Structures are given as C-alpha cells and as structure tokens.
Amino acid sequence: MSEFRHHRRVEFAETDLAGIVHFSMIFRYMEEAEHAMWRAAGLSINDRSNDLGWPRVSAACEFRNPLFFEDEFEVWVRLAAERTRALDYEFTLVRGETVIAVGTMTSVCVRKTADGRMKATEVPLDIVSKLRGR
Amino acid sequence: MSEFRHHRRVEFAETDLAGIVHFSMIFRYMEEAEHAMWRAAGLSINDRSNDLGWPRVSAACEFRNPLFFEDEFEVWVRLAAERTRALDYEFTLVRGETVIAVGTMTSVCVRKTADGRMKATEVPLDIVSKLRGR
Amino acid sequence: MSEFRHHRRVEFAETDLAGIVHFSMIFRYMEEAEHAMWRAAGLSINDRSNDLGWPRVSAACEFRNPLFFEDEFEVWVRLAAERTRALDYEFTLVRGETVIAVGTMTSVCVRKTADGRMKATEVPLDIVSKLRGR
Amino acid sequence: MSEFRHHRRVEFAETDLAGIVHFSMIFRYMEEAEHAMWRAAGLSINDRSNDLGWPRVSAACEFRNPLFFEDEFEVWVRLAAERTRALDYEFTLVRGETVIAVGTMTSVCVRKTADGRMKATEVPLDIVSKLRGR
C-alpha cells in the first residue's frame, strides 16, 4: 500500500501567541489524515452500521519545524504493523521539501457493549483489506 | 437570583498569532460558566438520568477588550427572560475593572426521541427553580 | 459582489458528546471562510507587509440545524455594510438544501503602534476594492 | 523536587462524539499543568522581559482510560532529565485512583533573534533552579 496524502492549510485559530501552529493541532492534523484515508477506502471511522469504536491508546510526535498561518502542507499517513486488535499509523507532515513533524498513533478496535462499555476485539479483515487496498 | 461568577485563567493554546485569546474561545468561556452555574445548582447539563438536551439556537457577543495569556478573569452569567421552552443567558466577562466581552446565548430544551431526533419540550420547572434558587 | 463560497468537511475533533459540531466551531468555520475570501482576493488577513490588524468587535449566530461528523457543507460569506473603519460580514452555512446557521461578524481595522497598542484606522480603499471586486 | 499537581475539570467542548475527551486535549491538559508549574515557581513560559521561547520538540502519550464530561482530575508533572538546552517533562493524569494517561514532552530553549528566527540556547540556571526548588 502506498501512503495516503492529505492536503490542508493552516487556519488562524490553530496558531498560538508564538505565531505558529500549536503542537496539539499537529495531532489533530494527523487524525484528519487518518479519517480521510478511511474515506478514500470507502470506510468511516464512525460507521453507525456497526458497533465498533477506535479509541487511541497512544500517540507520539516529533516536531521538526514550525508551521505558520496559511501554510499549505500535506500529511502522509500509512498503516504500519499488522496487529490483531489494533491499527498502527505512521505520519509525516511536510510543507514542500520541509518536514514539519513525524508521528505515530495506535488505535484499538473495540466493540461497544449494551451497558456502554468497550471491549477490545479483532480488527475486521475487510477493514484492513480496504485500508491496504486503496 | 444573583448572577453566578465563574473564575478562569487564559491558557496558552487559547491564544492566537495576534497574541490574544481567539474570539471563539470567548464563547467557550461563556459555556463553561453556564455549566458551572448548573453544577452550583446541583444540576448537570448532561444529566444521563433524563433524556433532555439543550442545543443552542443562538449566541452573540461584543468584544470590548483583548484578553491575554495567563490573564485571570471572571464570567458573570445570569438567566434572563422566562420562557417556556428555552433558557436565555446573559454573560459579562471581566478582568478586574475591565469589561472584556458581553454576550447572550439561548438554548432550547429538547427531548431525545427513540429514533435519535430531538423534539422541543417545556423546560422542567424544577430545573428553572434550582437555577434561579441557587 | 457575489458572495464567496467556502467548502469544508466536519472533522472528528469538532464534534462534542451530543454527537454534533460544537457551536463554537461554527464561528471558526465562518472565520475560515472570511480568510479564504481574502485569499481569493489576493489578500491575507495577516499581511506582514503592513501593520494592520482586524480584531473582531462582534459576532452573532443563529443555529438552525445540527451538523454532523463528516458532513460536507459550504460557508457563504459576503461583505455587508460599507463602513469607514470596520468590515461587516454576513454568513450562511448550508449542507445541501439545509441551512445550518446564519451569522454576522464585524472586525475593525487597527494600526499596531510601536508600543504594542492598537488604534482604530480607516479601512484601506484598495482592500475594500479587492474584496468587493473578486 | 516533588511533582507539581494541577487540578482540572473536563469541559463540554473538550469531548467528542465518542462521548469522551478528545485525545488531543490530553496534550493540552499536560501543557496547562506545565505552565501552572512555572507560575508556582514564580515564572511564566511567556516572559516578555526576556527573549526566550520554549518550542516543543516532542510529545508522547499513552491513553489508559477514558475521561468524561465534568470529570475532575489531576495532572501530575515533574521535570525529568537534566539537559543543557532542553526541558524534559513527565506527566501522569489521574482521576481518583484511575490513571487516565501518562506522557512526556520536551521543549528546547531558544533565543528569538532580531530577524524572527529561533536559535537553541542553554536553559538559564535560575529557571531550572526555580522549577526544581518550588
């Protein structure tokens, strides 16, 4: 599978008083790219036709260069390791030739039970297949 | 009913590149004060023991003075008009003697139906009574 | 001047526990459309080649219908009244045939002085001309 | 140095459609605790009396349990490694006995130069001393 590329522009409210994008937004940009990759695969992370959820269990990022208001950039995302009950994503944010950030996120697949709890379950094969087959 | 006063400090991520709090945050501060007023009245805006919801139907604000990182301020909130199916709030944000903003918000009382829709309903009298009786 | 239309999709982090877009985001969507209109006119709201700023003095919105995760919508924005030292914007958010929200925002034109203060000044004619002439 | 403890309550706009706090907010909570620790040490991360800045170079978090609307929780933060040009923080978020998340963040000390660039510099000893001496 080639990586998925999501295009974005920095909005005003995403900057802070240091004049650059707040670091917490970088994680949101990564998530937006992840969800766009799901849509490109004909899926939705919030599919009301099943009872699956995808809570994050970890996220990490190295911030290499600042990102400024109105900058256009891309988030490259790809599925990393094959795991039974989790999806590992790898991300690279780039503005032209400049790497802004590199990060990883892991979500586990859970089934929502009738009492509102979440129970880890296996990632459905057709979802992995669609995400990889895009 | 005297007005309810909510104390808050500006966080870094709430500022923008202009060096001041982003105007959209002012609306969030007003909402935080509203919810704190509900808690002070022994209520929660998200009470899972009933099927009521409180979607906003309008919000407006005049921004009089900028608010800066680490500023401490208060949001004064009070219930305005008595209406059957809605709650009207009035807000004033102050930092010391300086008025930062004045605003209004209106929420309607809705009952969530089995099919996920929302239907306007009368505001329960005990809720109004508790909010006014604080 | 015809109105400017800005296309957008709802992101996950923009929703709240009620399952819909948080009302404060609607104001951010309106701002994004405003800034996109400036770019379409060859301008930037944050032009480092001058010392102008555009703080908001008011914002108001009526919320007519909820907006959901992954919904695609448009923000229509147009310059309303002609005023000497301020820009008045009118906004309509629509998803297909459904009006989500209608709003207004006013920004004043300020010149940043050497001591960091802001002083109201006249809106440069070429900016109005470009915004109207798009 | 004992760890610093920052108390917080979850606000409505910080939740998402899954009914829990969005993971990007966890990073903001960690930052809020960091800045509160600076204030407790008589410092500000945005001290206008010097030309220092503290951009993040990395952030990571494991999310152990969900956090819900109106939950009260604490963020425990402490300075980890001693390094010449950077500050390493360790964070634990707890709600009562439940660990919500554990994380780390690293900021580098930079001096802002006249042309707007940032140059890594040594962390002033009095800052480390005050942060550790609280």
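As written, the chain order gives the labels A, B, C and D, with residue 1 at the start of each chain.
The working rule: contacts are C-beta pairs under 8 Å (C-beta built on N, C-alpha and C of every residue); 3 or more make two chains touch, one makes a residue touch a chain.
All figures in this text were calculated on a predicted structure; none of them were measured in a lab.
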item: Chains touching both chain B and chain D; value: A, C
item: Most widely separated chain from chain D, with each centre as the mean of CA atoms; value: C
item: Rounded Å distance, chain A centre to chain D centre (Cα mean); value: 23
item: For chain C paired with chain D, centre-to-centre distance based on mean C-alpha positions, whole Å; value: 32
item: Centre-of-Cα separation between chain C and chain A, whole angstrom; value: 28
item: In chain B, residues with contacts to at least two other chains; value: 12-13, 17, 20, 24, 28, 31, 46, 69
item: Touching residues (chain side chain B, partner chain C) in the complex; value: 17-18, 20, 23-25, 27-28, 31, 46, 53, 55-64, 66
item: Touch list for chain C against partner chain A, complex; value: 11-13, 28, 31-32, 35, 39, 44-46, 69-70
item: Interfacial residue positions of chain A with respect to chain B in the complex; value: 12-13, 15-17, 19-20, 22, 24, 69
